[in-house]
Structure formats: C-alpha cells, structure tokens
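Structure, as structure tokens:
We just call them A, B, C, D, E and F in the order they show up, numbering each chain from 1.
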Amino acid sequence: MDLNASLIISNILNPPVLFFFLGMTAVFVRSDLEIPAPVPKLLSLYLLFAIGFKGGVELIKSGITQEVVLTLLAAISMACIVPIYTFFILKLKLDNYDAAAIAATYGSISAVTFITASAFLTELGIDFDGYMVAALALMESPAIIVGLILVNLFTTDGKRDFSWSEVLQEAFLNSSVFLLVGSLLIGVLTGEHGWQVMEPFAQGMFYGVLTFFLLDMGLVAARRIKDLQKTGIFLIAFAILIPIFNAGIGLLIARFIGMPQGNALLFAVLCASASYIAVPAAMRMTVPEANPSLYVSTALAVTFPFNIIVGIPLYLYGIELLWR
Amino acid sequence: MDLNASLIISNILNPPVLFFFLGMTAVFVRSDLEIPAPVPKLLSLYLLFAIGFKGGVELIKSGITQEVVLTLLAAISMACIVPIYTFFILKLKLDNYDAAAIAATYGSISAVTFITASAFLTELGIDFDGYMVAALALMESPAIIVGLILVNLFTTDGKRDFSWSEVLQEAFLNSSVFLLVGSLLIGVLTGEHGWQVMEPFAQGMFYGVLTFFLLDMGLVAARRIKDLQKTGIFLIAFAILIPIFNAGIGLLIARFIGMPQGNALLFAVLCASASYIAVPAAMRMTVPEANPSLYVSTALAVTFPFNIIVGIPLYLYGIELLWR
Amino acid sequence: MDLNASLIISNILNPPVLFFFLGMTAVFVRSDLEIPAPVPKLLSLYLLFAIGFKGGVELIKSGITQEVVLTLLAAISMACIVPIYTFFILKLKLDNYDAAAIAATYGSISAVTFITASAFLTELGIDFDGYMVAALALMESPAIIVGLILVNLFTTDGKRDFSWSEVLQEAFLNSSVFLLVGSLLIGVLTGEHGWQVMEPFAQGMFYGVLTFFLLDMGLVAARRIKDLQKTGIFLIAFAILIPIFNAGIGLLIARFIGMPQGNALLFAVLCASASYIAVPAAMRMTVPEANPSLYVSTALAVTFPFNIIVGIPLYLYGIELLWR
Amino acid sequence: MHIVKRIEIIANSIELGKILDGLDKAGVHSHAVIRNVAGKGLREDLDMTMLDNVYIIAFCMPELLKTVVENIRPLLNKFGGACYISDSMEIRSVRCVASL
Amino acid sequence: MHIVKRIEIIANSIELGKILDGLDKAGVHSHAVIRNVAGKGLREDLDMTMLDNVYIIAFCMPELLKTVVENIRPLLNKFGGACYISDSMEIRSVRCVASL
Amino acid sequence: MHIVKRIEIIANSIELGKILDGLDKAGVHSHAVIRNVAGKGLREDLDMTMLDNVYIIAFCMPELLKTVVENIRPLLNKFGGACYISDSMEIRSVRCVASL
C-alpha cells in the first residue's frame, strides 16, 4: 500500500486536482467565487476538441492494428454489460425506473475523468495511445440504449411510445460525442502536419484549461453534496464501490487482451466513471419516472470526486500489481 | 488543373477548413453543438487584434516603401470600383435598393476570409507582408459610402435625409475597423520588442482560435443555407461568379504593380470576399428598403464558404499561372 | 528628470498600456468596441490565478526568510495606516461617511495595477520575488475593517448594527482574495514540478491576457470620466497626489528594511493603488451613507490610469534615486 | 398601441429548437431568446452549469394564444419547463429611416 | 390555466444567494436567474463590468406574495435593487413522455 | 406598493446607447439591460451571432409613458426592434443597513 499512498499523494499534488479542491472549498467557506457561464461550456468544448484532435493525430500514426480493434471491442462490450449487472444490483433497493437510469449513468463515461487521468499519465511519463479517445467516444452512448431496453423489459406501462429516432439522435449526436468524434476524424485527416500548427493551442493550453475546468467542477460538485442526504447510504456506498468494481473488471480484461499500462489505466477509468451530462439528459427525456437527483448527485458529487482523487492512482496501483 | 486540385485538397485538409465543415455538418445532422455567445465575439476580437498587431510589427520592419503605397492605392481603388460595376450587373435583375446594398456588401471585405488565407499561406511557407493588413482595413469602409452615393443617384425619393456623420461613424469607427487599425498602430509603435512578449498569445494561439471560430462560422453559414431558396438562382450564381471575377481583376492589378505572390493572393481574396457584418449593419440603417436576407445570405452562405474552400486555392493557382 | 521621462515613454510604449489608451480612445470617439460580459471577469480570474500560482511557486523556491516576514509586516502595516491618515485628510472637505469609504478604498490595493507593474519589471529585466503576491493578498482586506472602525468611532448613529461576521466574510473570502490565496497555496504545494506543466498557460498567455484586460479597463475607466464633474477638484487632486505620497512612504519603508529594487517598486505600487472592486462592494454594504460615485470614480478614472501610465515609471525613478 | 399577449417560456436549452418550431407553427414568428439562464424548478434538476435553461419571450396577437398553448404544452412535459401568459401593449413602429 | 404572480427582482449578484434563500423560505421554490445584467439605478452605481446585476424571475401563487415581500424587502435595502410584481397565467403541464 | 409601467424593449445592440439616452431624456433614469439575446423578428434579420440583440427593461411612473414612447418609437424604426408596455407594481425599498 506504500506505493499506492505515494501515487495518491502525487496525484493530489497536481494543480488540476488541487484546483478541484479549491473549488469545493470555495463552496464550503461560502466564498462568492464562480466561473461565469458560459465559460465552463467553452472550456469543455476546448477539452473535447483537444483530446479528440490529438487522439486522431496519434491514431493515424499508429494505424488500425489488431490491438486497436481488440481495445475498441472491449470498450463497447463494457459499455453494454456494465449497465446490465449494475441494474440488478440497484434493483435490490430501488424501483425499476431509478435502477435503469442509474445503471445507464454508470455504464456511460465521464470525459473529464478520462482527461484528468490522461494528464496524470503524461505527468508520470507513462505512454498511452491515441485510439483510447476512440474508446472514450464509443463508450458514451451504448448505455443509454441498454438502459432504455431494460426499462422496456422490466416495466409494463404499455404507453411508453417515445420515438427511438429521437433517442438515437440524442445518444449519438449530442454535442460532446459529435465534437469528440469530429475532432478525432479531423486529427486523422490532417495528421502530423495539422498537429504542428495546432500544438501551442491544443497542447500548450491543455493543462491550464483542465485546471480551470476542474476548479469549476469543484464548485459544481460541492453544491451537489447537500443533495446526498436524500439519496441515502445505499447509493453513496454504491457510488464508491461500483467504480472500483468496474475498474477491476476493466483491468482484468485489459490484462487479458494485453493492453499496455497507460491504455489499461484509461480503460479502467472509463469503466469506473459515470456520466453526469449526456446520460442524465437522455434519461430525463426517456425515463421521466426516474428521479434525476439520484443519478446526477451520485455521479457528480461522489463518483466523480472519488475517481479524480483516489480512483485514478488506485487503479494505477492495481496495474502495477497485475502487470508485474 | 492538376496542381489546382492538389492545392484545393491541401487547403481542405487544413484543420480550420475541416472544422468549418464540421460546423456545417452539425447543423445538417441536427446535432446540438453550439459555441455559446459571447464566445464567437471574443474569438473575432482576438483574431482582429492578432492580425492587426502582427501586421503593425511587420509594417514597421519593412517601412513605407513605394510598393506599400502602390498596394494601398490599389486596395482603395478596388474598394471603390467593385461596388460600381457590381451595381450595374445586379440592376439587371434587382431593384436599385437591393442592387446598391449587395454591391456595397461585395465591395467590402471579410476579415475572416483574409485571415484564413493568411493561415493557408503560412502553412505553405509563402511569405506575405504586414502592410496587407492595412489594405484590409482600408477596404472595409469605402464601399459603404459608394453604395449610399449610388442609392442617392439612382433613386429619387427625396426624403432620404439620414445623417452623413452617423454613417461615417458607422463606416470608419465600427469595432472591427477600430480594433484592427488600433492594433496595427500599436504594433507599429511597439515593434519587435512588443512582439516578443506578445508572441505566445498573438501567434501561438492564432491557428487554434481561427479553427474554433471557423467551427462557429460553419454553424452560422449552414443555418443560413435554407434562406437561399428565397434568393433565387441569379443571386446564387452571382455569389460564386463575382468573387472569381473580382479576384481575377485583383490579380491582374497585383501583377501589374508587381506585388509578390503572397501579397497578391491576399489582395485577390480581399477583392473576392464580401462583408457579412459591417456593411449589412450599415445598409440596414441607411437603405432600409433593401432586403437584408438577400445580402447577408449570399455573402455568408455562398461566397464565404466558396472562398474558404475553393476560392483561396483557386486564386493561388491563378497566381502560379500569371506569375510564371 | 531625463531618465524619468524615458522610463515613462518606455512604459507607455508597452502593448498593455497602449491598449489601455486604445480602450479610452474607443469611448471618446464613440466607437462601438466592447469586450462582452462575462469575458472581463474571466480575464481577471485568469490574471489572479496566474499571478498567485507563479508567486507560490517562487515563494517555495525562496523559502520564508526574515526578508519575507519583514516585507509582509510592512505590507499589513501600510494597509492599516494608510486609511487612517487618508481619513483625516479627507475629513477636511468631506463628511465622515464619504471620508471613511474613500480612505478604505485607498488603503486597499488594485491587483491589475500590481500585475501591470510586474509585467513592466519583467520587460525591463528587473527581478522581483514571488512573495510580493502574498503582500498583495494581505493588503486587500485590512482597509475594509479599518474603514468600518473609523465610521463607528466618528459617527454616532447608534443603530449601525451590521453583522461583523458577514463583513469579515466579504473582506477575506471575496472571490479575488480567495482565488489569489488559493492559487498561491497550490503553487507552494506543487512547486517547480507543477509550474512546468502550467507554464505555457500561466506564463505564455499572461502578457496577452493582461493586454486584453487593460483594453477593457480603458473602456471602463473612460466611461467613468464624466462622473468626475460631480466629484470636484479636491477629490481629483487627492486621487493624483495621495498615490504619490503613499508610494513615497512605501519606498522609504522599503529602503529601510532593505527590499531589492523590484520588490520595492511592487510595494510602492500596492501602497499607491486604490481598490475599485472589493472595497466598493464592501463599503456599499456597510456604509451605505457614503456616495459610491465618489470612491469608485476617483479610484477607477483617476488613480488607476495615473498609476498605470505615470505612476509606475515615476516610482521606479524614485527607486533609482533612493537606492543609488 | 394595441393589445398583445406576452408568452414567457423557461425550458431546457435542448428543447429550444422544438419550442421555436412550435411557436412558428402556431403563427408566432417573432421571438427573443435569452440563454445561459440558471434555475430551479419543481423537479430536482440536472446541473444547470452543464445543461442550461433558456428564457423565451414572444409577444403575439391574443387570438393565436390557444394554438400556441396546444403546441407548447406537450413539449414542456418532456424536460420540464414552464410557460406563462400575461397582457401587454405593443408600440407599433413602422421602419422608416427618413423620419429619424 | 390559473392565475399566478410574477415576481421580478433586479439586484447585485452578491445578494443572489440571500434572495434565493428568502424566496425559498417564503415558499417559492422555483425560479429562473439571468446573470450578467447591466444596469443603472436610482443610486449612483458601482461599475457593472465588475459587479454585475442579476435578474430573478419567479412565478408563484398569489397567496405567497405577502411573505415574499416581507422576506425580500430588507435584502434589497442593502445593496440596492428593485422588486416588481405583476399578474400572469400559468399553463399547467404534467410531465408525461407518453403523450408526446 | 404602488403602480408602475414596465417597458420592455428588444433591439439591436448597436441602438442601445441611443435608446438609453432616449429613456433618460424622457425621465426614466433606471433600467436593466440583458445582452446576447438571440431573436427573430418580422423582418429578415442579420445574423444574430454577429449582431446580437439587447433586452432592455425599465419600470417607470405611468405619467412618463407618453414621453418615453415618443422618444423610443423613431429609434426602433431604424434597425427594427420592438417595444411593449405592461402593468406592474413596485415594492418600494428604502436602503437602510440598520434594519438588516
């Protein structure tokens, strides 16, 4: 556990994570610090663009190998399987609607957690491949579909005749997925040449923008914490244990298909993280019976901070044990 | 034509142009991607500042030579002549008000097209001079005045007693012209010394900000495309052919006064581009009889994309033929 | 005085100061140039973050020496003493409420003036220490408390029973102080290692962002200038002479405790500058009898431009005389 | 001056396109949209830093009101959102530069 | 449709938290907030580039009005700010995806 | 509480200065301005990403209304824009920290 603790500390002593704490502190001491709208939106557009573009440039360098295909298959599988077993765990305590919505939330991913993990790897000097961004993009949407299928199978209220075309549109063309995939493709098309002109913007600013964005996420997450009183101890425990469990499964798969360590960490983080933007929006539309405060608060105020602070170094420690 | 096609492709495979396409695609597939206000305004302020400041720094390095004076004279002349002959072409199909407003729009320039062309030149390693920014600034406003004179000459409604002082104010002190000229002067005053401290901001970010701005322009232009149904085929043909014609005349003048190739391309692009911000605002105020959807949609949804995608490499091809 | 004039000119020929002029000019010629909200807020958050973070990184490098402690003590002392003697000067012409509010304003500091001075020093190649940022943070709040004590001592309206806890909250946890101190602490915690990854953002952008922010400050200050008619000649003279006086005292103290020249300039600038954000907000809340237009206009439309344009080089000239 | 109805709609920005279409179909072709609106409604809300609300204002002829309500009400049921109607008076203005 | 009161408050953003608390305590749990509002009031104002106003809109049952006013009025006295009440009608909407 | 008129103006931001001057001359010295308002009016509009609208709200004494309308109407004719009047009630507040 020694190594683990030192990893946690070296993670915590990163500017992005510390600014996340600073944001939370601002809320707790009732400072009037805030990042005015629409700045957080702009920062998240930038982060998606930068990670997507860089991923594309690196994907074209590495090419589409068997390793790439295996990784992407693993990603899609996890995005489909996680919501299913999560659903049955949640059904122990919650009704079908809430269980399905939370399951979809945890089956999907949090891009910011992924980006924070990639910054952590860069700082430790551990390599990872550009195609992990493609895995990120592929894992965002399937859980929405799986969640809806679960609701349809396990509830019998007949009149749920929402339009699937609209749901698919929300799932695959929401702005995050669209910008990420678009930037990835443009990265693939322009390659090294495009990267050179974009580098000062797409790379130089990256760490700083992430820091500012996490400052805002700290403010947002802390404001959500009072909602946790209503969610109850079961969901709070769930929101900490299921990421560890999902990351564990992710690591085993990663080991099995022989991913390099950097990729394995990112994959584990994708499995462990939960969506607090795209999936909640889709669930609110399609499963209005579920209570949004349950799925948003757990994902945003528990799982997100947990992954950012403890999860990322913990999963890396797991890798050091497993890959030995 | 072989070379031309390869130029077009190398232009299209640039990140800024590809992100312009991405923006258009987002509208066509109905993604909810958007760059929230007031971010586009901030990006355009940055671009004007960066291009102006850099131009000023380079202007002071090169000094005011005969070449500079000739180029600026050519710029002013084209800004005055283009609206006149364009007016008579347009009168074939349109009434005097619409003809004058559209003529003024095409006599003025689009700074973003200019900036995209300059990024294209930088990438191809073709030099151009800082004083071209002065040409840009000089070509923005005259067409507004010429357009108003045309309306006054060709319509006889007597009571058009708007205040010239207000018009001149709008023409020469609107925020684009003001910031561009101001930054140019400050560049001249601070020279190389000022450039050194500003470089990471004014140069390093430039390409990335342009990319984001063109993403937004793609969104904006695509939303305008449905307006084209109302404009009719004459205006759409006009919006593609007149830029080529204007660029051709620009190139002949450039060749005649011996501009270097980089400057010639920028000059052609200035002649070919049409204003969709400053002039429409001024026309709406002074020629309210004209229909804004005609002049905004053609300039924004046809001429702008045409220049960005096909025009710039096409004019460069023309240069390669003429300068041989 | 020769040297002095050349310093003033080299200060004026800096991009940030010239863009401040450009902003003022835009208002005077009635251009519609504006930096849209909330961009100025974002820029100021960035500047506070950058200056705080860099200060923290340098503080940890230098360590907490006797020099540091002496400087910080001097800073706190000046923040407490300035409002007291300023109050008695102001009482000559104003009532107790206005005198106390203005005294608090001039006892506190303007972070932007400090930042501009630090950019000026960087350009001249004069070193200064990171702990000056700590001095900046320490000098922002005490004047608010002193101002309130003065009001309580010199007015006898009994019913002034505002909550001190709220006042202390406003004074020490307002977003500027909070972000500055937070960034400083994070800089201390992450040290050189954190600096490396943040540098392109925290250092590379710094000068450019400052330039844009001063452009906006020019717009804001110029719009305030018409308010000066109401303030009267006494306050205008006060707003120019008291900064020089305060800077003089600051320089004597700095010389006495042996500060290096760079630090001495920053200390003088802190003494000379007046708050136009934090203190006015606090005064409006706690001393509503005072007229905000008096303290905001003098600080923003007279003292701020004076310090930016003439003050900074003037105080540096003073240092060259005193430190000889 | 003549009497119009003010329609105010607060809704999630994802719905914006559909609401404007709904207004348009009901014959209300003019509107103004304010973005980046924060809010708290009856339902526990998504985080508004991420998914912001829009505030839509449209002034229309009283006789269009019924159709508007029929078009908008089902949309609001989806993501939540609120719609309010009140009375107002329009200052008619005919564009005419000459009169300036 | 039924009758509600529209409460409009324009105030300095520093006061926002307290005003929303005041509304909440008075039983008005829903609201919308528009930020970055510039303005000029009766009193000479701080510079609004730095300290912006917020515009708060809340629709509530008429019977809550008295408590709201009692809660809000003292807050506005502090930094300045204004509060206005008018009549409006609510279009009731029950969330129900099936009806889409 | 006493009765006031709410004036709402939606116009292009280029006109803002002149409209505020017009209000001021008519005796309406207080207002609030919301920027970055998107919109669609009767006339085909310029692109609102570039030239955004502003939404101006001013509450004033009923007797000032006539002058306001006379001052504002010609301005709206220029770039387009709309002006609406409705009734409201003001909650008078006297600034007084002691009562907090």
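Note that in this section a contact is a pair of C-beta atoms (placed from the backbone, for glycine too) under 8 Å apart; a residue touches a chain by one contact, two chains touch by 3 or more.
Owing to the predicted nature of the structure, the values given are computational and were not obtained by experimental measurement.
Undergrad: If you check the contacts of chain A and chain E, which chains show up for both?
TA: Both-contact set = C, D.
Undergrad: Compared with chain E, which chain's mean CA position is the farthest off?
TA: B
Undergrad: Quick check for the class: compute each chain's Cα centroid; which one is farthest from the centroid of chain D?
TA: For chain D, the chain whose C-alpha mean is farthest off is C.
Undergrad: Can you check how far apart chain C and chain D are, centre to centre, with Cα atoms defining each centre and the answer in Å?
TA: 45
Undergrad: Between chain B and chain C, what's the gap in Å when you average each chain's C-alpha atoms?
TA: 42
Undergrad: Between chain C and chain F, what is the gap in Å from one C-alpha centre to the other?
TA: Here the centre of chain F sits 36 Å away from the centre of chain C.
Undergrad: At which residue positions does chain E touch at least two other chains?
TA: 14, 34-36, 38, 43, 78, 80, 86-87, 95-97, 100
Undergrad: Which positions in chain C are in touch with at least two other chains?
TA: 32, 36-38, 41, 200, 204-205, 285, 288 - these are the residues of chain C that touch more than one other chain.
Undergrad: So that we know how the chains sit together, what is the shape of their touch graph: line, ring, star, complete or other?
TA: Chain contacts: none of line, ring, star or complete; other.
Undergrad: By the touch definition up top, name every chain pair that qualifies.
TA: According to the stated criterion, the contacting chain pairs are A-B, A-C, A-D, A-E, B-C, B-D, B-F, C-E, C-F, D-E, D-F, E-F.
Undergrad: Which residues of chain F touch chain D in their complex?
TA: Touch list, chain F to chain D: 8, 10, 34, 36-43, 53, 55, 69, 72-74, 76-78, 80-87.
Undergrad: Considering the complex alone, what residue numbers of chain F touch chain B?
TA: For this pair, the touching residues of chain F are 14, 35-36, 38, 43-47, 49-52, 78-80.
Undergrad: For a test of understanding, state which residues of chain F touch chain E in their complex under the given definition.
TA: Answer in residue numbers: 1, 4, 6, 20, 29-36, 57, 59, 86-91, 93-97, 99-100.
Undergrad: Provide the residue numbers of chain C that touch chain B in the complex, in ascending order.
TA: For chain C paired with chain B, touching residues are 13-15, 18-19, 22, 25-26, 29-37, 39, 119, 122-123, 200, 204-205, 207-209, 211-212.
Undergrad: Which residues, counting only chain C, touch chain F once they are in their complex?
TA: 32, 36-37, 157, 159-163, 285-286, 288
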